[in-house]
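As written, the chains take the letters A, B, C and D, and residue 1 is the first residue of each chain.
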Amino acid sequence: MGKPLERAEIAAPRGFKQRLYAELEPAARHKPGLSVTNRIICILIIASALFAVMETEHEFVGNHVGAFLAIEMAITAVFSIEYVLRAWVSSENPAFGPGLKGLVRYLMSPAAILDLIALAPIVFALAGSQAFLLRAFRLLRILRVARLGRFSRATRYMRMAVAARREELVLSLGVTILLIFASSTLLYLVEGRLQPQQFGSIPRAMWWSVSTLTTVGYGDVYPITALGRVLAGLTAIAGIGLIAMPAGILAAAFSEAAHREHEQLEEERRGEWRPE
Amino acid sequence: MGKPLERAEIAAPRGFKQRLYAELEPAARHKPGLSVTNRIICILIIASALFAVMETEHEFVGNHVGAFLAIEMAITAVFSIEYVLRAWVSSENPAFGPGLKGLVRYLMSPAAILDLIALAPIVFALAGSQAFLLRAFRLLRILRVARLGRFSRATRYMRMAVAARREELVLSLGVTILLIFASSTLLYLVEGRLQPQQFGSIPRAMWWSVSTLTTVGYGDVYPITALGRVLAGLTAIAGIGLIAMPAGILAAAFSEAAHREHEQLEEERRGEWRPE
Amino acid sequence: MGKPLERAEIAAPRGFKQRLYAELEPAARHKPGLSVTNRIICILIIASALFAVMETEHEFVGNHVGAFLAIEMAITAVFSIEYVLRAWVSSENPAFGPGLKGLVRYLMSPAAILDLIALAPIVFALAGSQAFLLRAFRLLRILRVARLGRFSRATRYMRMAVAARREELVLSLGVTILLIFASSTLLYLVEGRLQPQQFGSIPRAMWWSVSTLTTVGYGDVYPITALGRVLAGLTAIAGIGLIAMPAGILAAAFSEAAHREHEQLEEERRGEWRPE
Amino acid sequence: MGKPLERAEIAAPRGFKQRLYAELEPAARHKPGLSVTNRIICILIIASALFAVMETEHEFVGNHVGAFLAIEMAITAVFSIEYVLRAWVSSENPAFGPGLKGLVRYLMSPAAILDLIALAPIVFALAGSQAFLLRAFRLLRILRVARLGRFSRATRYMRMAVAARREELVLSLGVTILLIFASSTLLYLVEGRLQPQQFGSIPRAMWWSVSTLTTVGYGDVYPITALGRVLAGLTAIAGIGLIAMPAGILAAAFSEAAHREHEQLEEERRGEWRPE
């Protein structure tokens, strides 16, 4: 990746930064879709997450411990170069502006911080060899995948739809929590004495309650009395409502967002609207 | 909480009641969101529910029985003060009006009765020590969380949407019940003799039927014959429809409610509409 | 029920038929909601279904076999009178018209046939005592609940919405069947030799496939190899789509039906529309 | 099927091709619905898939191995004739055009290739008798059912709706994958040491994660520690969102597609629109 870019830099030292910015920042690209560079980075993010996952399974690793560390170092190197380049071209982005102030503003943005965190795992892998830290930092590496959100236009659209109905979604989460409390209390009262290990306290009964209301139903815990089963049946039916409610809320939100986008495009066509 | 309020009362005896009313009643507040007092009360409601839940698990309680009773008493004290203050400022609310008549109307409102019920558990905890009563009143304490509904603007909106499609939702519940009846009868006929404990009667088969139609699927009961499995498969596929139906109904209801709210806001802007 | 009706008949022989028609037919009633007679019939339908269900559980029946038969006969008698009266007043319904031709048209309508089927169980209960017949007719008795659909305004509305999107719903059922075929074939190829009892043939694997795609997941059958689990995971994720698809279709159908009803009401107000 | 067609060919050699084209191609038919020939083909496709499925179960096959091979040969013969006829009449289709060039374009179309693949199984059944190949080609036979998609008007409609929201659906699949990664990493960290067989590596924990997030919940793997259960509960609740999200997206997409189709029909009525 490095070589052709350097050559381009010699040919057009000023224009290169702008072209690199258009190459790295999806919003600055004239054509739809992702640039070649961003596609490669996406594949690397997914690959690094898959390697982090595979590394935990000794059947995959076997005697190739060294190979896994080498891959980790190579991926981190590419991500480091990418991090520096993104910081450099951030001055082209009107949202951050030029100069040191703009750079600091960019480095403090959530996307840039996530990029930095994605570089952290290598430090733990090289420095310490404490088993727990080695295991815990893997979560950070997995989060690299979250960076993919940066490249998707749909992310902005969906976040808008969810944000517009945030109150309703929080309320339906509240109803879920209330139902978990109520159903686990009832089952604790009915089955608590018969199955003390499973329903002997409300926190224990909650495990059953969550598994039933979300319609997961592992089957490790279930009521055995007639009354307990009637209550469990009502809980399961309530669970259907709990799935239907956010589905309905999101359906309305997406319909509305699509409608609003349509109107914005209309206004844009008439020259009355400009992007933020 | 008590002390600063008393001081304020001395400074502005008439204005204090109005300010307290605006502090306690979310609808009377000029700014959006909840006041500091209501936020504290929300946190206390959730905390008291969590304590009631934890109290049932001896691993949490251990030797701290006294501490749990003290917490219960402290929370009840705060809720008692809140109850009295809400009753006092209810005269400011045009929905209830001033005087003893307005007070009685407020105390008979569902929200006030729920507040009173939320104070009841302490009586059982102090007076009797019968194991069953002690366990049963916990359900009441959990209901305190339901009071959170009072503070949310989204509650009114969702209740409106559900009420507008009540008939359809009741009908889809009716279809659910019909399918539970039909599928449990069929499985009783097919598997009743082979698995008398699980399918030996229609009420027994209903436990399987609910677990399948709601897609919970505990796995404690399932058909073992070929015909029984075909019928169970059809039941499970019907279960998908049962989840899809209320989701579709609610989606249409939320879309409509959003549309209506939009139109109401338009009319309000033109000065043609006033809130109830 | 019979006596006051007979008295009324003497007082107003012509007007009585019309009043009875308004009492029995929800669509002909001027006031919203169900008439007293229809409410009693609704309760009897539900009661008869509950009795049919309870009768199969010997813990409920005990020595009361005679009582259960008596209840069945009483309910059938009421439903028989209702059937005759509905047939008699059908001439008032413009959809069927007067005379023998109108009567035959009414008796051939789905609602009337369902009413007749609801009377059938008593024949089996009285005539034969063959174990199989006795067991089979129970389904008919349970199906009586389906008659409730006649009384609900929402039924017509929902049937309209489902009918408008019938093609899409059938197609999503087709996709479900295709996925059941494909996933059970794959799991049969991968796990067939290891678990011959569970995956030894495609029909056997289908039991797992239906349970997974509908997200029921009993847990009596599941893959044990790595490849089988990857395929099962993909099947389960496809199952989410299978739930989401009919939900989305129905949501659009209900939105549309609500929109159309709104427009119809508008036209009706202008006097341009008349009910079928 | 062959004989009456031949007779018709003699009577009207030029018109026969056009009539056959209208009989075979649903889009060229003037009346709505499928022609008699296409209905028979649909039934044969489903029958052949069912035979392929049943053939794997020795309880169905028994001593009728020869009968199953004969059925396979007969169905393949009918599909071969159909393949040739479709290729012959493809010259009537303006999308492919006349001559050898049009024929090649038709034979390269996805529908024609699928038709050809549907003929392949017989080669394996007659030529080799290797157990694995015999088993593997069954997947191809199942794919014959996919050809039904060709006949449905709803397919085009649904593909349009899904395509319009492809980005959002891919994103919600991405969120699903991210949640699978995150939850399996957390459970691996928490339960990995206690249940090495189930949670000993992230790929192992993923089996649990998929089963929970899709709300399947087989119950062969579940957390046993308190922290593990809290995380599993949060995963299950997130799973509700994962089902609700595509449901909401598709609901909006179907609403929009219905709206667009309505507008198109309006324009068509005014003579401003013509089909592609």
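We take it that contacts are C-beta pairs under 8 Å (C-beta built on N, C-alpha and C of every residue); 3 or more make two chains touch, one makes a residue touch a chain.
Note that the structure is predicted; figures quoted are calculated from it, not measured.
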item	value
Reference chain C; chain at largest CA-centroid distance	A
Fitted rotation between chain A and its twin chain D in degrees, CA, nearest 5	90
Type of chain B:chain D copy interface by residue overlap (half), same or different	same
Interchain centroid distance [CA atoms averaged], chain A/chain B, Å	31
Centre-to-centre distance between chain C and chain A (centres being mean Cα positions), rounded to whole Å	43
Shared-contact residues (touching 2 or more other chains) in chain D	203, 206, 215-219, 243-244, 247-249, 251-252, 255
Chain D to chain B touching residues, read off their complex	215-219, 244, 247-248, 251, 255
Parts of chain B lying in touch with chain C, wherever the complex brings them together	167-168, 170-172, 174, 177-178, 181-182, 184-186, 188-189, 192, 200-204, 206, 212, 215-219, 222, 226, 229, 232-233, 236-237, 239-241, 243-245, 247-249, 251-252, 255-256
Chain C residues touching chain B - in the complex, by the definition given at the top	49, 52-54, 56-58, 60, 135-136, 138-139, 142-143, 145-146, 148-149, 152-155, 157-158, 173, 176, 203, 206-207, 210-211, 214-220, 242-243, 246-255, 257-258
